[in-house]
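Quick one: this structure, given as structure tokens, is what I'll be asking you about.
Read from first to last, the chains carry the letters A, B, C and D; within each, the first residue is number 1.
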Amino acid sequence: MSEFASFDQPVMMKIDKIIDESNGTKSFMFKYKLDYNPGQFIMVWLPGVDEKPFAVSYLGDDFFGITVLERGKFTKLLHQMGPGDRIGIRGPFGHGYSFPDSVKNGKGSVCVIGGGCGMASVTVLIEKLQNNNPTILMGAATSRSLFFKNRYKNLTLFTDDGSEGIKGYPTDVLEDLHNKHEYDIIYTCGPEIMMSKVFEFCKKHDIQFEASLERYMKCGIGVCGQCVCDGQMVCKDGPVFDLQALSNMNDFGKYSLLKSGKRVSLQEYADWRSC
Amino acid sequence: MSEFASFDQPVMMKIDKIIDESNGTKSFMFKYKLDYNPGQFIMVWLPGVDEKPFAVSYLGDDFFGITVLERGKFTKLLHQMGPGDRIGIRGPFGHGYSFPDSVKNGKGSVCVIGGGCGMASVTVLIEKLQNNNPTILMGAATSRSLFFKNRYKNLTLFTDDGSEGIKGYPTDVLEDLHNKHEYDIIYTCGPEIMMSKVFEFCKKHDIQFEASLERYMKCGIGVCGQCVCDGQMVCKDGPVFDLQALSNMNDFGKYSLLKSGKRVSLQEYADWRSC
Amino acid sequence: MTTPSLDTNLCGIKMSNPTVLPSGFLGTSKSLLKRVADSGVGAATIKSVSFEAREGHKNPTVIPFEGGMLNAVGYSNPGAEETAREFSNLKEVPIPVIASIIGTEPDDFVRVVEKLSANEFSAIELPLSCPHTPGFGLLAGQGTPESTGKIVAAVRNASKLPIFVKLSPNIPEIGNLAKAAENAGADAITAVNTLGPGMIINIEARKPVLSYKVGGVSGQALRPVATRCVYDIYEAVKIPIIGTGGISTGRHAIEMIMAGATAIGVGTAIYERGIDVFRKICQEMETWMSENSYNSIHEMIGVAHE
Amino acid sequence: MTTPSLDTNLCGIKMSNPTVLPSGFLGTSKSLLKRVADSGVGAATIKSVSFEAREGHKNPTVIPFEGGMLNAVGYSNPGAEETAREFSNLKEVPIPVIASIIGTEPDDFVRVVEKLSANEFSAIELPLSCPHTPGFGLLAGQGTPESTGKIVAAVRNASKLPIFVKLSPNIPEIGNLAKAAENAGADAITAVNTLGPGMIINIEARKPVLSYKVGGVSGQALRPVATRCVYDIYEAVKIPIIGTGGISTGRHAIEMIMAGATAIGVGTAIYERGIDVFRKICQEMETWMSENSYNSIHEMIGVAHE
């Protein structure tokens, strides 16, 4: 069952097991080998329904998993599936996080910030950075939507409403943490408004920075132009971009394309995506 | 100019030089590497004219040549070409002569018999068998159509009309030669009537035997069925067959297909081919 | 787990597996049909035969490219009388053999059918769909419902054998055409013939490679279009379909069956995988079927429509 | 030896090389047009735009296969007004930009043309040939000489820009259709749009992979058919042709030019060779041209007809 490692067309994979991560969030585990670099994404196909991009949140030599928050019709159907059911997976696609010399072999001071279900995209990264003993910050709107909170011990939780962990945003404490740890690099995935705050912070303090962007995707392979962010195709050139690249992307933190291709504010985009 | 070694589609190759082999026979030399085993064939394309199979008669690390008797419209046009002109070549195709253990490393007694322009098909073979010091017999209708007569020193010539060498057929002397040399294997390419005589001789004396058959070809790649000889595709399974295979081929020495696919006697086939 | 069965029943013709040798591949002689039978094919079609002998187009007539193959053989064949002679005593071939018959007018088809009436063919195939031979198929206007209906009706009158009508992938409303064939008495649809035509130019020669300049496209380039044609035809008619076009693996064969095919043609893949391709495809189908709990071909036909 | 020139003049539009980004690839925003220009393309076409915004079909909409790609994006676009806004100030893009305009009735096309009239497009392309979007192209009956003539005439009245008409490879008599476009006032023919449609079924899912089930075939599977279409059109009309379909190397580009194309579209090859494919193709063309003693594109156009 593990003869594949990456695929152009969807491969129907049996769900091996399902983990309840939190109320409304489930992880789906597959016994397949996947040649995956943290930050890349896969396209998940429910035949007859739709196809959407997801990050890989669990990765081993012969298994992997994704973590999905129930939000709309697609994720609802996914949440109704059980072990033994099959879903289509193609990928992995895009470029993941990079590991500059400054963080290699456990040297270098690292901070990872996950926001909302963007946390799913940073877990495999965190595990790869284990020897760096990174600062891990995780934020969510409320206690209910926090997941992976027990996966790492050195983890600081934030909720907007204070229902768990510290009340507020992970970005609130960055200044203090950086004074203490003198970060060489900060990695982040989460709402773009959060990521752009971290971006500004890194720019100001001359810290290396990598962020994983989210755009509505169609082809996933760099031909259709749907996922464009200022001349960059998020599916192919990204989804991870560094400080340098993001500095040239005026749309970052501001605009995204609806399914029709209409370029709108991130707020309007988020409203459309959430339904 | 030598980046190719075998090709599905015709590659236009510049004629490097032309050798006059005899009155009516020319060799065309090309400065290209060709991954060729003796007995295989290539398809030669004259754009806008036709495409025909030929054996390779000269072979080096970065050159090869074919030898062509002027017979009809196609070979006439080919004979009119000069150095620098380009012709299309695809291949090589088919299976060539094999080298059983009995003839490896220069041990083993070998006889090679070429008849008519079948001689073009055995030259690369003869060179590969150099260490075996093979008996070489060459036959032609008349002195004019003999070529390669000076290419090998240990060579016995025959003409039907006695205009050069011994008057008669190479097969006339086989019995005597075999008594003296006790051949392990006889290779031959020439008119099928000649080859079937050698075949009978080898069968009777239990000598290994390989012959290169000629059939009218279309695809050259084993799909169209035009070159069939009793369930075998000469272009793909052959053109070289051994004694065992030929024993199961009732059409060998008897029938061949015209361009329409009509199965006729070899005589009727030869009459059609020669015009 | 029991081995799944590949047994196929194609309008009464019993086959040990669904693979069919399509017309134009190796079907020039009885000896080659035996060879193909030894290679595991379920049924075989002879090279298309016209009443008179034809030499076809000049070489090059067949040329591979990255997406499959281009051909303009031009229906070379020895004519009906010679064909009757070559394929006498068909019992020697241990599989069903299909006669592919071509002509310009309905009468031409009937004359060939009559010449072959003493041979033991299992079915008659009418390729009304060649895209590159003047006087035949699309170039003779045979790709319309009217013309197809007329030819099928004429042959229906002249023979009791099952009639397969072979359609072109170039026809936009292929379902309507299949329906016309069914209404006129066809027993099965072969879908599809080659696509296009296409052209390959050698840029050093500044000339098309095929002597006829253009040729029909077969092989993997054709496969998605062929699959869609079978899918459309399956929704339009009740008679079985021989799905043909670009099949070279067991997965491709099953895909075509799920689109609606009862049997599947395998031609160009002979070049890619050798004459043993039939046995290989059958083995791949068996393996997949047992891994996925299918017991018979029948359970898979048309399931992509559910 | 002097470097050969790739300069191309396409009905008055000056291009530094003959490569064109076809509609539907990356043409969603001005920023991407700049990126493609940086990658060496000669001219670029925007994603087809209708008067009203369209979301297109559901995912999956694009799927690669061994012979190229299948797509049924379904003409998603933000509508004419948004498009006029996105592509304002086109001077920022250092190459000619072509507006691809779609509609159902002739009037629909005209309304879009009017909305875009203030933008600095270099030409208008009318794709009357999509095989998989209800209400447009072939599914709206636009692939006939009559319908093509009407739409071109209406747009001719509404704009002074050069008009390119994009044809389908599915049309048997493609020369006649090109002729009808020329007679109605078209300035160039884009040949071709995607083929088929085709279908790919996932056999474990027992379902077509594309949500729309069928999609147009592009890439190498399409190339020989596209080349033949360009060859046929070249014999039928005097206006230049943008040859499109499966081109991914300099050799392919030259083949298409020898068939009769003045410029060449490169779409699916972006997937195979990356966005730099335009620069790569141009380099390969230059190398081949100097080795074979051609100095300009012009010397090669249509020479396969000699």
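In the analysis below, a residue touches a chain if its C-beta (ideal position, glycine included) is under 8 Å from a C-beta of that chain, and two chains touch if they have at least 3 such contacts.
No experiment lies behind these values; they were computed from the predicted model shown.
J.: Considering only chains that satisfy the touch condition with subunit B, which of them also satisfy it with subunit D?
T.: Shared contacts of subunit B and subunit D: C.
J.: Farthest chain from subunit C, comparing Cα centres?
T.: For subunit C, the chain whose C-alpha mean is farthest off is A.
J.: Using the average of all C-alpha atoms in each chain as its centre, how far is it in Å between subunit B and subunit C?
T.: 36
J.: Distance from the CA centroid of subunit A to that of subunit C, rounded to the nearest Å?
T.: Each chain's C-alpha centroid was found; their separation is 50 Å.
J.: Roughly how many whole angstrom separate the Cα centroids of subunit C and subunit D?
T.: So the centre of subunit C lies 34 Å away from the centre of subunit D.
J.: How many angstrom between the C-alpha centroids of subunit B and subunit A?
T.: Roughly 66 Å separates the two chain centres.
J.: Any chance you could list the residues of subunit A touching two or more other chains?
T.: none
J.: Mind pulling the subunit D residues that touch 2 or more other chains?
T.: Each of 65, 200, 204, 206-207 in subunit D touches at least two other chains.
J.: Which of line, ring, star, complete and other names the graph you get from chains that touch?
T.: Drawn as a graph, the chains make an open path, so a line.
J.: Between which chains does touch occur?
T.: Those chain pairs satisfying the definition are A-D, B-C, C-D.
J.: Spell out the residues on subunit D that touch subunit C in their complex, using ranges where they run on.
T.: Listed in rising order, the residues of subunit D that touch subunit C are 65-68, 70, 138, 170, 172, 195-201, 203-204, 206-208, 213-214, 217, 220-225, 227-228, 231, 246, 251, 254-255, 258-259, 288, 292, 303-304, 306.
J.: Taking the touch rule as given, give the residues of subunit A at its contact with subunit D in the complex, in rising order.
T.: Listed in rising order, the residues are 8-12, 43, 45, 47-52, 86, 88, 217-226, 228, 230-233, 251, 257-263.
J.: Show which residues of subunit D lie in contact with subunit A when the two form their complex.
T.: Touch list, subunit D to subunit A: 24-29, 31-32, 34-35, 47, 53-56, 58-65, 69, 71, 73, 76-79, 82, 86, 200, 202, 204-207, 209, 211, 267-268, 270-271, 274-275.
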